[in-house]
Structures are given as structure tokens and as C-alpha cells.
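Quick one: this structure, given as C-alpha cells, is what I'll be asking you about.
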Amino acid sequence: MSAHTPTTTPGNLADHEALAARRLDAATWAYFNGGAADETTLRANVQAWQQLKLASRVLRPLAGGHTRVRLLGRTLTHPLLVAPMAHQRLAHPDGERATALAAAALGAGLVLSTQASTPLEDVARLVLSDADRGPLWFQLYLQPDRGFTRDLVQRAEAAGYEALVLTVDAPVSGVRDRERRAGFALPPGVSAVNLQGLHTPPAAVLQPGQSALFDNLLTRAPTWADIAWLRSVTRLPVLLKGITHPADARLAMEHGAAGVIVSNHGGRTLDTLPPTAELLPAVVQAVDGALPVLVDGGIRRGTDVLKAMALGASAVLVGRPVLHGLANGGAEGVAHVLRLLRDELEIAMALCGCRQLSDAASVLHQPTRT
Amino acid sequence: MSAHTPTTTPGNLADHEALAARRLDAATWAYFNGGAADETTLRANVQAWQQLKLASRVLRPLAGGHTRVRLLGRTLTHPLLVAPMAHQRLAHPDGERATALAAAALGAGLVLSTQASTPLEDVARLVLSDADRGPLWFQLYLQPDRGFTRDLVQRAEAAGYEALVLTVDAPVSGVRDRERRAGFALPPGVSAVNLQGLHTPPAAVLQPGQSALFDNLLTRAPTWADIAWLRSVTRLPVLLKGITHPADARLAMEHGAAGVIVSNHGGRTLDTLPPTAELLPAVVQAVDGALPVLVDGGIRRGTDVLKAMALGASAVLVGRPVLHGLANGGAEGVAHVLRLLRDELEIAMALCGCRQLSDAASVLHQPTRT
Amino acid sequence: MSAHTPTTTPGNLADHEALAARRLDAATWAYFNGGAADETTLRANVQAWQQLKLASRVLRPLAGGHTRVRLLGRTLTHPLLVAPMAHQRLAHPDGERATALAAAALGAGLVLSTQASTPLEDVARLVLSDADRGPLWFQLYLQPDRGFTRDLVQRAEAAGYEALVLTVDAPVSGVRDRERRAGFALPPGVSAVNLQGLHTPPAAVLQPGQSALFDNLLTRAPTWADIAWLRSVTRLPVLLKGITHPADARLAMEHGAAGVIVSNHGGRTLDTLPPTAELLPAVVQAVDGALPVLVDGGIRRGTDVLKAMALGASAVLVGRPVLHGLANGGAEGVAHVLRLLRDELEIAMALCGCRQLSDAASVLHQPTRT
Amino acid sequence: MSAHTPTTTPGNLADHEALAARRLDAATWAYFNGGAADETTLRANVQAWQQLKLASRVLRPLAGGHTRVRLLGRTLTHPLLVAPMAHQRLAHPDGERATALAAAALGAGLVLSTQASTPLEDVARLVLSDADRGPLWFQLYLQPDRGFTRDLVQRAEAAGYEALVLTVDAPVSGVRDRERRAGFALPPGVSAVNLQGLHTPPAAVLQPGQSALFDNLLTRAPTWADIAWLRSVTRLPVLLKGITHPADARLAMEHGAAGVIVSNHGGRTLDTLPPTAELLPAVVQAVDGALPVLVDGGIRRGTDVLKAMALGASAVLVGRPVLHGLANGGAEGVAHVLRLLRDELEIAMALCGCRQLSDAASVLHQPTRT
């Protein structure tokens, strides 16, 4: 594994990103780090957290402070979860196994992608016995092949996954220009092993003037009505990932979702969506405490995590930085990334005079209107 | 035609632009891609669409969605038209013929420039029989030589053009600094063939202190009164191109225009005009549904088209990108550009949860006031 | 004079600037083109005009339009004046003579600097007989040596100057870092010939803790009370240059000024003053038509001139671009610069549908509040 | 000392910075000039002063103007103090001695860092006898070792320091990425000599799930209750440095502080805190004249000092520029930096028509709402 040992010591997530950019081949890098179209949303996600300003309070008692949060009935050591990301064996031979071990060791939650390059049961087996681990969730899409979807859900349930994360913001793939330009293709030996056997329906026969998208693929796109079906085939709570509109957050509540994840798919689907830091407050307001609201997209600093909590997030998902750590050092690299984020979070809390995240609302600077 | 076969495969309109910049000589490139003066309007046109943010709705039924729009009594497969652009044989030997064939094949409308380098009848003959083609319109200026103008209008009418697009925003040419610096001049073999025989009046004899512009050229500039004359010599509907002010949109209605095109001439006439994305809403509001309002300027993505429709456009004209496609691959290149735009439009609609363009108004993100 | 013949043909004021930067030595360039401190005001002057957006109206009658304005009882062909600038023989051997001849030939006004490198009588003699010339004004500072100041004023009056422009915004010199870094010093043969014989009072003897500025130089700085004195020694109208605050504009009226010039001294005195485009409207409002309000700073395009007029200016002074033209081609270069500006102004008027400058108020785009 | 003689003559603080960057080794430079994390606050501090715009008034009487201010019962020649900065012998062998001598000679105040590399008594001895010197203050942290803290306070008191500056915004160190990347470490011979003998408590034994920060280091962080203790062991006035929130400013008053210093620690602790120019007004408003409010962070020009005074500061602390002067020329370099700032301040006052700093409130430009 010497080829995966970092040669310089990264000290923050930007260092990890720069190092990973040098370690991964150009096409894989484009696949992991690229976004949709002109990547304005991709960049905005990062900038929006950075542009929020903090307010600092001084000389407050800080002893006994902590980063603990409550989420779906559990107390977590801190609010960090690993976002679902496909094909992690592209980043490191140990792939999802390394990510899962590191997350468990650091008390972070893990959301396994339905397009993982490792059997979901193997991942669960590695971490379920860890007493200090965070939540273990399984991400999926509602595939047109309902039998397969039901079987997949039941496999995840049997393997010990504690919740389902249904991705609802990608009825079609985005325009991934960077990835296309780089000519990315999955190499031999890396595949979506948990989707083997999935039946893809034949393309519809189109009449002249019909749309290959609307009159074919999208005829099978999931709708709100399908949420009831999914809940009927599982006893697991279902979170909806990709909610950006307050009206959809209310619909999620009405349809029995156990939580929502404010996400623009890391800027990978529809370019010029607003950054999630801008979308989060309206969703928090719409849900009004009835459901947990998580958020992902652009989190690169402990201050970003603190700001997300200040805006009302219940927890925060981190994606690309975990892949960077994975590329740089396997489980050790992932652990380092999560450690850096948590350390920075504690430092930010202390410097804001914030002893616990339930007090985070006051850490944002409110500009004076003049 | 091997010299016109792209060597790398463009995958979006920016790729086409970059490729065309390498294929065309510098002076032609300056003529096609340049704008007026410091090109602030030219750049702003592109940026303004990009800066509008989309709102995404999820899990809505998308089956049977489509991109169809109604325009001047016809149903079009999609809202894309090719903007009028002069001298297309500079970009490719097939010139306007290639553009017209590609537009027809893709169901896009075509507005032929009065300064086309191909006889207007030849263009019409190529596409009129195509059942799936979009509208075929003819663009013109009101020339001081009224006899010539009437004859030209009647030629267009006889040839089968379905509407006239009168450009009203260029009583004088703009300050085309980039073009001047590059030393652009029309090469032998490319000329405004449809304007042969046009009589240019002799320059006025000026008194001391008179202006070469106001006391000469502009004494013959068209006014609102001339719209009635134009309508009197044709049975075709007349759209006014270059309307940017809501008061002028109301005047267009009062003078019997069949539609208006919000345009700043692609940033080629008066620099520091606002981008059309900023001008469109007030014109739409002024017209209040009584006339179709089209828009051009800076459209480079399917998301841009969707945003234009969200702001109330009835259809969208695309200019320079068509020239880029033409330079890169003749009819095939133009078809590729139009195909990319339409595909991106459908993907953007699906990802916004928008099944038809008449629902587009809700796809724009409204920032929360805090 | 071959060394002063441009080798490439400039087609706008930016071209002239680039060309002049290559022709002049670095120290002279720093002196002419530099500003105070970090040059934020210098840059902002140019950008502020550019950022104002125009509104275009179409199909209006334009015949017989003109650029004429009324100023201090005269009708001028157009609203351009050459701003007072010192030591023009640094730019070209013909110095102020060339500038004056070109201004007169183009009908532009001329404000001769008190620090001109040419005798004021010589300049007046060259142009007074030109029937089409613009106004001829003389700029001065109130020097502590009142006898000299009175004599200077009476020389200007005798020579035929038609107004005095008193610069009021420079009781001390600004922090001219660029000029200092470049090591600028006047070469032999160039000097403020009109100030020969000026008596400079000896420095005050300071007590410990006293300020070399406030307790010495500034004890002799002019005040409002001195305006009455100046008016008592001349029959010429007195304009105050360097007014930026509406309260000072009102004081100017109360003290009998014949006009005010909104100026931040071309960004050469106090850095972080707002650009003049931002300062002009409040001064226009304060004066409310009782006095002409002129403006300078950052005018580089005909559109800038039109915008200044739209904001209520009575006329516009142009500085550095005239020096660029002078450096590039003597009188011919200055004439070219003034010609370009006037041509661009006419084109901008035509494209805005503005037939005369008294209608300019409506050419500014008013963003819609949404 | 020839190695410390500047080879080019700096003429403003930016010149000093550029020169010092070349003279100091990269790690020391990173330590002195770096900030926390992504350095957004570091950059914003400088930009925020620069972006405030000045308003100029003309022809006002300026004779007898001055820069004097009242602070804690004394009249100071001008409002500049040297901010507390550690380890100044890294910049120059003469270290704090040179800084102190220069400050005294220029009438500037001096705040000695508790982490000075020179005995506090030596510094006091050098300057106390200078009749024209500014205030001499001692900065400290409340260390867990209370006995040591009390002794240190009493040493400072005995040595002649006139006030204590308690830094309250750094219960933990910031994330100093630039410094870490550069591998900075104190060289032999430079140390915090005044902290010799300080007892560091042993790390707590943590239970699983406990935080190394909140359950260890921060258990000993000072709180408001400790202000009373500090005041009980000294007769010196105590100013609190690092106040950014108006509520904390009110608490400072309630706890008997003699003044507050609005500071974000020069952007070295918590990144994305707002710049101090943005924080100052709300603190000034909260304190409402009951206490002096000082400010530091990003002051690089005399105009910045004037703007700080306009926003209600009683005096201004300058940090890094003093280190740059020190590196460039020892005491002479520091004196030059302070001289430049004061000269620029006087020029800015004169050009704004501001005769004394108590009139500074009106020098800020108020943008017109349109």
C-alpha cells in the first residue's frame, strides 16, 4: 500500500484535495470532483459557506462543551456523516471498506451508495459491532424494476442498515461536461456490485415528434405516490435526499419521510441551482422541527459545519473530501479528513463561545442595516 | 469538406465556440464573435442567464412532458429559432443553406438575415417542404430606398417566408472595435446577394456645424410611422426585433406588430445596454400576453432557454453558437448545436420537475429576503 | 516630428492610452496616468461610467438631432472641454499649443492649467480668433501670495480667457505613490512658466507637538472667505473645480460661483473618494439648475459623455485621454481623441433614440425592483 | 546591521510589506503575516477599510488643525498605538526594544505582548522617561496558573505599564494553516521570556467520547467571572481586546473594563469573522461613549485611520506594518512606518476638510439611495 501513502502531510481538506488531484488519474478525478455543465453550483456550494460570517462571543464558560447531536432517536458524538458516493474502489483498492472502517472509528455516520463497488453486506459486517460508530444508512434510487428494488431494500434491512436514503433529485443524469471531456469510463474490476441483476426496461418505440426523454425514460420516473410503496416494503425510516424547495419539504412530511437532506447532488445534476447554504433555511423553516433536516454540498471546514448547524441542520454529510482522504491514504486518510473536520468544528465552537450545537443559532453574524 | 470536420468532439456550446475559434481566421472570428466597444453587454448577455438560479421540484409526474410551444398560430416542437446573422458563407462554404437544412431537420425556426450570402429563394426552396421544420422568417431593415424594400419584402413573401422580422435597433452601426482592430473585410465571393441593386442615397451637403450623422444618415432613419407603410406592402406578420423598453413594446402593439424580439443586437450596437435577461421581464409585463415576446442574446445552455421561458419568453433565438456549429461542421455542426441545446433543455426541465414550458414560470429560484 | 507619428492606428481612447504608454518614458507616464495611493478612485472613475446602463428607445425621429449645449450664455457645438493639466510639453514638444489648436478646431472648450508649460498669452493668441472654438478658461489655485495671484488673474483676463476655474480640492498634494516610485521629476526646459516670480512664504517655526501641515502650510489654505476676494479682482465668472459634496455646491452658489465642476481631481488627491459618476447626481440636485454643473474623471467613451449629461451635467471635461492623443500625435492626436469622443457620443445618442442632449435624462436604464 | 538596511526606499506601508517579505525567511513570514484557515478575515480586514468611501469638504479653515485625541485621561499627539505582537526579535535583533524606542519617538502608544521576546522591564525602562511618548500598556492572557498571572501583572505594574490589555478572543489557538505549511518553529534564542516559570497543568485523563478540547483545555478557559479577579490584583485599568459583539461590549462595561478593543486578532484565530471595520459601529453604539473603543486589523493607510475615527474609534492599533518596518530597518524602520501613517492621516484630514478628529464623523461618504 506504499503507493497510497501521502508524501506530504495534509493539514486541512484543501491539502487533501490537492494531494488527491495528483494521485488519481485525470479521468477518475474528473468523475469524482467534476460537476454539471459550467460547475457554477459546484463552486457556489463551497463559496456560500465561506461567505457566511461568524459572530464571536467571549469569556463564556466552555468547560464540558461537546459536539453531540440527536438524530432519529440516537445521540451521535458529532454531526458528521459520510455522503453516499459511488464506486469508491476507484479511489483506493480498499474502497467502501476503508471508508466504513474510518467512519466507524471516528464516530461518523455512513451512507452507503447503491452504486457502491463493494457488497453492502460486507460493509455492514465490518462496522456494525463498533459501539461508537455513527448511523449506518443505505442510499437507493427507485428503479423501474420494483421487484429488484424491493429485494435490494430487504437485503439492506437484513444486513443491518438503519435507514434508507432515497435520492429524489436525479430522474435523469446531469450534463457532466468535465467527466465527458475527460473520457471517464469504469475500469475492469469496479462495478455497481449491488445492482447486479437489475432489469433495465427496453427503450420505448417513439412516434415522430416524441421526446426520447419525456416519452421514454421519464415515463418510469418515481413520483410522490411511490414513497408509499417504498414505505410498504420496509420497516426502515426513509429519508429523502435532494430536497431543495420548502414545498417539497412539506410534501416529504405528508408522505411520511423520516427526514430530508437538502442537497443539490454536489452540483452534479442541474447547474445553476443555488448553493445548499442558501437553500437550507427555507427548508428548515418549512419543516419547523417536525423532521430532521440534513445538508450536504461544499462542506470543507469545521466553520462550515458550525454554520450549517446554525442554519438549522440536524447533521451534515461530507462527500468529496472523504474520497480525497481515501485516495490519499485509504482508511487512515478518511479518518484524517473526518478528524480534521471535527477538530476544526470544536475550535470554531470554542472561538464563537458556543458550548453545544443546540446553541449554534447565535453564531452567525447579522450584518447591521445602515 | 474534410477541412471542416471537427477533430475533437464538442459536447456543449462552449466546446463548439472554442473549436470554431481555432478554425476561423482571426478577422472573421472578430467579426462574428465581437461586440460593440468594450463588450460589456456582450459578456453580460451570457452571464445574466447564468446568474439566474433555478428552483428544483422533485417526484412530480414527468411522463408525457414535452417542449412544445405555440407561436403565431403554430405549434412548434421546441422554442428554438436561429437568429438572423449576415454572411454565413464566411463560416462555411455551404453558408445559409447548411444552417437552414439543419434548422429544418431539428425542427428549429430560421430567421434569414437580409444580409445573407445566399439568395433568399434558394434557402426557402431547401426547407419549405420539410413537414417538421420550424417557422421560416425573413429579417430586414427599412432601407431609405423604399422601392427596393417593397420589392425585397415581396420576394420574401413570394418565396414562402412566413413572417418579417424588422430590426429596429440599428439606425447606425455600433462602434465595433474588435472587428476594426482585426481589419475585417468581406472576402471576394461573399456578399449581401439579396441587396443587389439597393440604391444608397448620396450624402447630404452639410453646413458648417452640422452633424454627419444627425444631418445626413439619420434624416432617413425609420420611425414608428414607417411601420404602417411596411404593413401596407405585405400580408405577412411583422415582428420588431431590438425592443428593449416596455414603452416601445406598447408602441409596437399600437402599431400592429405581430410580436417583439427583446434583443440588444447580441451586444453589437450600443455597449452598456443591459443584458436581455434583465430586460425581458419588463417587456413581458408591458405586453401582458397580447403579443408573443421572443428574446435573444447570450443563450448558451438548455438552462438558459428554460430561464428565458420562465421569464415569459414565447421562444428563443440563438445566434453565434449556430455560426460556431456551422464553422465546425456545416449542416451537421449546426444540427449538433441545436440538438445539444434541446437535449439540455429537456434535462433541465426534468430536473426542475417541469413537464411543459407553460409551467416554466415556477422554475426560477426566488431568494429569501432576510 | 516623425518620432511622434503613431505606427498603429488607434480607434478608440483605450487604443490611444495603450499607444501613449509605449511612447512616453516610464516616469512621465507615472506622472500623467497615476493617481493617489492605491488608485482605487482612479480606477473607480472609469468603471463607474461603464457600469451605468443605458436604455434604448427605437424608431424615434432622429433627423436634425445635434449635440449642442448652452453654457454660461454661449451655445457650444458639443459638451466636451479639455480639463486643465499641467506641463503638457512633457507629452509632446508642442505641448499646450497643440492641445489648444486641436480643441479649437474640434469646437471643444479648453481649460488651461495654471501650471501650463506654455505662456498663457501664447495659448490664447493661437485660438481666440477661431470662430468655432469652444470656451477658453484659465485654471488657478489661490496662492498665499495674493499679489501674484491678482496679477495672474489680470494677465488671464487681458489675454482673453473667458472664465476662471478655481481648483478648491487640493489644499495639500495627494499621496502620489506611483509617481514617487517612478522617480518623476520635471526635465530641464519644462516648467510652470506662468508661475515665475511666485513668492513662496518661508516655513513656519514649529513648536514641539505642532504639525508641519496644520501649523504651517495649511495656515495659508484658501477658505470660502477668499472667494469674495477673487471675485473682487476680476470681472470673469469663477467656476469652482473639485466640488463633490452637495453642501459645498450650495455654498458655491451662496459665494457667487458661476458654476461648479464635480471632480475628484482625477483620483490624484484623496484616494477612496467616490467616483464622480456617483457624486454628480447629488450636486445636480443641490444646485437645482441655478448653476451649470460640469464633471470630469474617467470619461473614456461617448457613452460616458451621454451618461454624464443624463445625470445632469452641463458639460464634461476630459483629461488624460487628451494627453494620450497629444503624446501620440501632437495637435493631430488630440483632435483625433476629441473626434472619436464626439462621434461615439452621436452614435450613442442615435442608438438610444436621443435627438438632443436636453432629452438625455431618459437614456439611463432604471433597474426594475423585484 | 547592514543586513537590515533597506535597499530601496519604501514610501508607503505596502512598500514596507513587500520589502519585509523579501528580507524575512519564509517560515517567519508565514508566522507574522499569515492568518487562520483560508485567510478570508485577514484579507477582509484590509479591504473593508479601503472600501469605505470618504466625503470631501472644501475651503474650510484648516489652520491649527491637529490629530490629538483624549484616551484614558491623557491627551495623545495622535491616535496610533502599536498592537501587541509576540516574538519581535524574529523580525530584527533589536526586537521589542526597537519598536518601543520608535513608538516613543513618534508619540505612538505601545502595547507590549505577553509573549514578547524581551523582558518587559527592559522595554519600560527604555521609554518611560520620554516626555512625548504615547501610552505604555501590557497585554496578557488569563493563564490557568493564577499565581503566575498575578506575579506577571504586578511586574508590569511595577515596571511602569499604565494599563493592562487582556486578550479575550483566543481560548484556543486558531487553525493557522499557512504557518503550519511553512513549518514555522521558534529559533534558538527567541522565546517568551516573560512567561518563564509559567506552570502548564497536566492534560486531563479523558473518558471515551470526551473531547480533548472541551473536556480538557477549555475547562480552564477564562470567563467573565475572572475579570473581577484580575481587577482585584491590580490597580491598573483593564482593557479587553477581542470584543466584536455589542452584547460583549455591554458586558465589558458591566464588569468594569476601562475600554474595549474591537479586534478579530488580525484574522489569526477564527476565519470568516467579519472585518473589524464592519464590527466597529455596533460596538461603538453599544458602548455609547461610556468607554473608549479602540480597533485594530487591516489599517494600512492614513485614510484607514481617519475612517476608523469616523466610525467612532478612540484610537487605532497597528500590527503587522510595524513588524514590516522593524524587519526593514529596526527602530528606524518602525519610526518610518508610524511617520508615514501619521503624515497620510494629516493629508487625508486636510483633503476632507477635517481639522480635528472629533469632527471625523462627517468624513464618510453616505451613498444616496436611489
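Chains: A, B, C and D, in written order; residue numbering restarts at 1 for each.
By our rule, contacts are C-beta pairs under 8 Å (C-beta built on N, C-alpha and C of every residue); 3 or more make two chains touch, one makes a residue touch a chain.
Values in this document were obtained by computation on a predicted structure and should not be read as measured data.
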Among the chains, which is located farthest from subunit B on the basis of C-alpha centroids? D
Do subunit A and subunit D, two copies of one chain sequence, contact each other through the same residue numbers, with over half in common, or through different ones? different
Measuring centre to centre with CA averages, how many angstrom lie between subunit A and subunit B? 42
What is the distance in Å between the mean C-alpha positions of subunit B and subunit D? 60
Could you check subunit D for residues that touch two or more other chains and list them? none
Residues on subunit C engaged by subunit D in the complex (per definition of touch): 37-38, 40, 168-175, 177, 180-181, 208-209, 211, 213-215, 218-224, 226-227, 240, 242-245, 247-248, 251, 264, 269-274, 278, 281-282
Going by the contact rule at the top, pick out the subunit A residues touching subunit D in the complex. 11-12, 14-15, 50, 52-67, 77, 132, 301-303, 343-344, 346-352, 355, 365, 367-368, 370
